[in-house]
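So, here come the structures, one by one.
Below, subunit A partners subunit B and then partners subunit C, in two separate complexes.
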Partner chain A sequence: MPPDINTAADTGEPSSKFAIQKKRTRLFGLTLDETIRVFFGGNALVAVIVLALITFFLFREGSQFFGQNRDSLRTYRLAGLEYVDIIRQQEEDHTALTRYLFDIRLKAVVQLTEQGIDAAEINRRLAAFDAFSERYSDTIVPIRGLVFELTEVATDIKTRYNENEDYKVARKNFLAAGMKAEADEITIKDLDFAKEIVAITGTVSAYEQINNEYADALKASVTVLPTLPVASLQPRLERFRELTREYLATFPGRLATLKAWDNNAPVKWTEAFTQFIFGTRWLTASFWQDWYGIIPLFVGSLMISCIALFIAVPLGVGAAIYVNQIASPMEQRLIKPAIEFISAIPSVVLGFFGIAVLGQALRALSQWEALSWVPGFPYSERLNALTAGCLLALIAVPTIFTLAEDAINNVPRAFKEASFALGASRMQTIVRIIVPASLSGIVSAVLLGLGRVMGETMVVLLCAGNRIAIPDFTAGFTAFLQPVHTMTGIIAQEMGEVVRGGIHYRALFVVGLVLFFIALLLNFLAQKIVRKYRISIG
Partner chain B sequence: MDTPSATPASRTFNVPATATSAEGAQTLIEIDNFDFYYGAKQALFDINIRIADKRVTAFIGPSGCGKSTLLRCLNRMNDLIDGTSVKRGSVKIRSIDINGRDVDSIELRKRVGMVFQKSNPFPKSIYENIIYGLRIQGVKSKSRLDEVVEKSLRGAALWDEVKDRLHESGLGLSGGQQQRLCIARTIAVEPEVILMDEPCSALDPIATAKVEELIHELKKQYTIIIVTHSMQQAARCSDQTAFFYMGKLIEFGETRDIFMNPKNPQTEAYVSGRFG
Partner chain C sequence: MTTVSTNTFASRPSTGRSLEKSTFWIFRIATYVILLAGFAVFGDIVFKGSATVFGAFKTTSSFPYFTNTFLTEAPESLYVFEHKGEKREMGDTEYRAFREKETAAALAAGKPAPVFEAASYVYSAGGIWPCIVGTVLLVVGSMTIALLLGVSSAIFLSEYARDGTFVRFVRLAILNLAGVPSIVFGLFGFGMFVIYFDWNVSLLAGWFTLAFMVLPVVITASEEALKAVPKGFREGSLALGATKWQTIQSNVLPYALPGILTSSILGIARVAGETAPIMFTAAYVVRDKMPWDVEKISDFFFQGVMALPYHIYVVSSKIPQNEYTSRVQYGTAFVFLGIVALIAASSIILRNKLRGRYKW
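Up next is the complex of A and B:
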């Protein structure tokens, strides 16, 4: 080599020059490197912009909900619906009490049947009780009549108000379109709520009278309690009398509320929020009043997620530990793709599987004699929170498994070796070293699994039973065997049917916003925990 | 016995086992015709070596020569690596074949402790690090644990430096302190043999000196086998030295002989720094 260089230098060949300059092809004035940089940077930018747009539109569509909800609540008050509902609540409380009586009767019948007494005899023995309960339930009749009449009146006021509002919109539209003649044809009769409401509030003295009679009848009916043929149920009847007295004690307060009620009282901004966030009713397309309370949906989502995580966390984390620490390479090659494949199954297929197989199988299992000790078994609803939860567990397992396995894999090998070198067994090493060292990674895997479950739509829509009500938690775990509805499910189910820009439409957007924030929070937490974990390992 | 290289007998040995026994040292570990494989690749070829009790034996040799592999065979750490196998020969400690059918590798590792190249304290407190070995053996007594912690830390010359922060994380210590913590953790379970796999390669000279001092102290109670890349270290702190090359034991003898008067030309080339 050296001689060559010498020769080159001697002959003055260009190769001896300090050749560091090079001509480059340029595209729009950019070199190739710069073009690549612009391309990738542009892609990243587009992703960020899309995310920003999604957030912006969610907020824009959702934010108007609260104004509309406030208007809706204002109409509810102005048209006197709220007033009627106060009295209706009294009627419903009464119904709840008669249900208590019915419950006692049911228990009595069960116990008597167990003693081998036939139906006719049971009815004979319960005759006194039945007469009592009939008397009791009949006391409400006058109140019920009043509620019925007032419902008619209030509905009428509301309907006329809404029609008038529609006319206003139509007229405005005509005017905007320059169709003056058509616009003039529409006659607008503004409602004077102060005048209209008299038809409702004017009945207060009549109510007071009916209510007094009702209270007297109620008091009289519980002065003497019938003797039950089953002595053990007698305390329940005593309890019933107590409840009735408590119920009666609410009457004066209710009357005062009615008297003080004013249809012109302003609806606060906060009410539009609290009615949504803490509202226990999601009631739409109702002839009476629509309610948009997220609680039943949120509770449904939460219950299903709890079931899903309850199943998926042990499965996912257990499988991750097994695959990473115990399995032979052969098993690893089999198990890992198998679990990861689950996430490739379309969720609608899983949902279909839930309806056709799992729901049926779980119900059949619940009817199995040997399992009758499980609370809530046997049950009859095939589609419920449990069915949906079990399927969602299947969806969460791959997420939890993959991320937990990563976390376990990140535990330095040195820890494992040190533990073994000190005479620890495999299990001791896993329990005392591997799991604690990867715990934050595992926790964040669980959080991301929860996010996955919370956002899942198709399975819950198909398998959760879609009953919009907060399950009855008084009976403990049986609540998990009841049908529920979810935040994601409601959006998928109702978005297709709503009027664009209407209050219902906006309410669904706000539900979407809530989901968005939940996902954001879970991801944020997961990242934060992982970051902490990196520092702790050093 | 503390400084065997200074004894006259060390100049005259031929077979290492004989030489040590001539000094009255018991043979603790006997390795006979030992072949070891990673999958299909043979890593150790026909190793024969006698390691004396309560002495320091150094394994030296260029990278990839099999010295670490042999070390890890002594407490069967290679079991953790898939595909490893002993094809021939035996490793006997106190005349028991450690690869025998009835041998429990967990029990073995309690008797043969190991200190690794990179200090690897658990992400736990200093105290928990020390008592880990006892905890997994089910020792619960607080007074016993406290006693072992102090004894082990004193044994590893770390007690005075950490006695006020026993419940702080072991990861907060300096590199040298971490390595001594790992040594303390190892002696807490009272093994007979301590294997050290390049224990000072990640340490600065001062920390290295401390660990070497510690090795001198420890050999009163423990048999120590140390793998090292540093010839000076082997010369400074070992009594016997084995030189490996390409998976074969080239020469084994008293450290003084290996360094001053090697029999094999390869050994001479390596210790004089001409290759490796």
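Up next is the complex of A and C:
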């Protein structure tokens, strides 16, 4: 430092040392510069630490979910709820079959009405069919009664067990607080599941008898099919008989399952896991059994993302090509900031716009006569996957546009010039040279756009309709017009209402964990694609 | 041979050329559809929202002789009722006063007390002042944290670090952090600050959650600004005998600062606009006290606040849609969009200006 040099020169000491010396202050054995360096380095580490902390805290809160879910499944089995559900499934299958009959009737009525026949006449013509369908649906009554009785019994066992568990916790808390007197007042009657379950499994012979009668009644009911007034529907009725026979064929297997069923069979860890990953029900706060299956939420997220990308990719990439290759400089200067500006619109405002304007507008559009050829139109639900998807497209477009434009901009000039020199037109150059050369960048832009859409919360929470069910894909494109729920939406909606530390709370954290890993995966893929397929000169 | 009257090289119409033209038109339409959609959202909210905001101006007796009730009052319930054959709409406090006055007047005149049958709509009267204050507090606090952490990280990455495992690791973390959904940040903030640190729903928890969320944006932007300062500046300083820190202090930071600040404004827009991270960490649905009404200084940091984005979520999802509620819905959305748009626009304009100014 300058002062040091001066003093050394002025005193003119005969020095064996260097003329230029630096005095260094030291902190913990580090010079000032090194300290500063360490300070900045430490700050740079924050990003790593935050990422680690996110992983840690999501795991910390979520990890116990699988244990709790296993306990819940074990109670489900021990208390015999599972047994009852096996029989209930039989009842539900029957209901599905009766629905098939209703469907046939509906079709017949529609066709007859089109022929100009009045309602009374239609009912008269369908009388034979109605008698048949009534006979058919009445066959299930004994089974339904049994299921009803067993439901009561199983619920009772489960309730008593849960109460007991609550008492145990209370007792433990009292003991921990040193209040022995209060703790002793709590009487715990341990439930003997083996004894209790007899009330359920003991009914198996009764079930067998009822079931045999039911099977006979069912067989008898479909031996003679009624003739429909609409001939074209007769094959469907034949198909119905086929389905009933298939249904009847499952009976022996079901009986065997019931006989082999053991309430003490251990619940494996993998079961708690697969019930979450592949579970098709997300059912909470139910009196019977709570299910935490992520599939309906995942499918909802995926569907909305598909709609959003279906709209956003052509628009975003098209706009990127236009702005970079075709637009005049004046247009370029205006459009780029404008699209960046769109990206600044907060998602909650977009969600509000969806509720207030877009939902109604789309529904009104669907009720327009000229568009009735579109599958699913007209529809009645104002908030559904389509509304949310359209708004998310507006969120994804700026991301895709900016990144794709960057990728196109990075294509070396020489490529374009060489193409022109060979006599290619502008469009040929764009389609054959520019787009292929920047394809890796465009694909990664789409992936990052997908990540943006998947992680978006407020729009889907406000506009997706929030119905937790897997849409009915048998109806084709109509599925996209049904209300759905999403992974992000469920966290935002239910987090505020759950008991801290409860199974529901932990389930939400696991959903967050899944989201986190999906985001990391998409990010990773995007980077990998850019790096692997980058095209450069030479 | 025909006479050549025009330029030989002039383009002649052909199928290829018209195909090219129509394709270009498709691209052009795609671009303008995006702009149109953005404009539709913006226009709808500005058009309907400005009526609420500009309709709320009232004159007062003291300086500055006017006030805007929508911007300066707290939200309250709206009461709609019929009185003496005319329809009246009143906020909560006004309605109570009015009812008492009418009842007293009727009793004094010896008539039976009038019956009020009012329909009430929560949050639909009054204004959004506490929400504006809360949002400003959240933005200021979280951006302070994010800038401190982010700019120092950027200085390290651009000035000190040499390529190696450590730096690769840091860059990877930043890149991945940028892709994490905001709701996951909310969950993380809830798990760590609200529950583990036991800060409850508080400003502090919201600050850190938002700061971590916006960190990648700040780091990337600052690094870019630092990288834009020419190498010669550093070399000149080092050649004169300055230390590394002196060089950064005097020859790098001053020139990079405008760039850092403008790009960080984009981060501010993001912080102000996010709802999901503050839903469980900092935001209250309703709160009577203003943030500065605290007994101890420390209470200030550990209180939840009302925030504009969360208020929009509440008023658009928790109360029904009708003519009375839509006023406050659109008004809030308009003010919020206005604030965010102003921040974003200033960032974009400043950046475009700076790009032109610094050319070394």
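To be clear about the criterion, the second predicted complex is superposed on the first by the 493 of 538 C-alpha atoms of A that agree within 3 Å, B and C clash if a C-alpha of one lies under 4 Å from a C-alpha of the other, contacts with A are read in each partner's own complex, and residues count from 1 in each chain.
Note that in this section a contact is a pair of C-beta atoms (placed from the backbone, for glycine too) under 8 Å apart; a residue touches a chain by one contact, two chains touch by 3 or more.
All of these numbers come straight from a predicted model, not from anything done at the bench.
Using the contact criterion defined above for the overlaid structures, shared-chain residue A:Phe341 touches subunit C, although it does not reach subunit B.
Using the contact criterion defined above for the overlaid structures, shared-chain residue A:Pro329 touches subunit B, although it does not reach subunit C.
The partner that reaches more residues of subunit A, of the two candidates subunit B and subunit C, is C.
After overlaying the two complexes on the shared chain, residue contacts for A:Lys416 are found with subunit B alone; subunit C is out of touch. Within the superposed three-chain model, A:Ala437 lies in touch with subunit B and out of touch with subunit C [touch as defined at top]. By the document's definition of touching, neither partner reaches A:Val141: not subunit B, not subunit C. Contacts of A:Ser425 after superposition on the shared chain: both subunit B and subunit C are touched. Overlaid on A, the two complexes show subunit B and subunit C touching the same residues of subunit A, namely 425.
Only residues 75, 77, 80, 82, 106-107, 109-110, 113-114, 116, 118, 120-124, 132-133, 135-137, 171, 182, 185-186, 189 of subunit B touch subunit A when the two sit together in their complex. Within the complex, the subunit A residues that touch subunit C are 1-2, 32-33, 36-37, 39-41, 43-48, 50-51, 53-54, 57-58, 60-61, 314-316, 318-319, 321-323, 326-327, 335, 337-342, 344-353, 355-357, 394, 397, 401, 425-427, 448, 451, 454-458, 461-462, 488, 491-492, 495-496, 500, 508-509, 512, 515-516, 519-520, 522-524, 527. For subunit C in complex with subunit A, the touching residues are 16-17, 19-20, 23-24, 26-28, 30-31, 33-35, 37-38, 41-42, 44-45, 148-149, 152-153, 155-157, 159-161, 169-170, 173-188, 190-192, 195-196, 212, 215-216, 219, 241, 243-245, 266, 269, 272-276, 279-280, 309, 312-313, 316-317, 321, 326, 329-330, 333, 336-337, 340-341, 343-345, 348, 352.
By the touch criterion stated above, subunit A contacts subunit B in their complex at residues 328-329, 412, 414-425, 428, 432-433, 436-437, 536-538.
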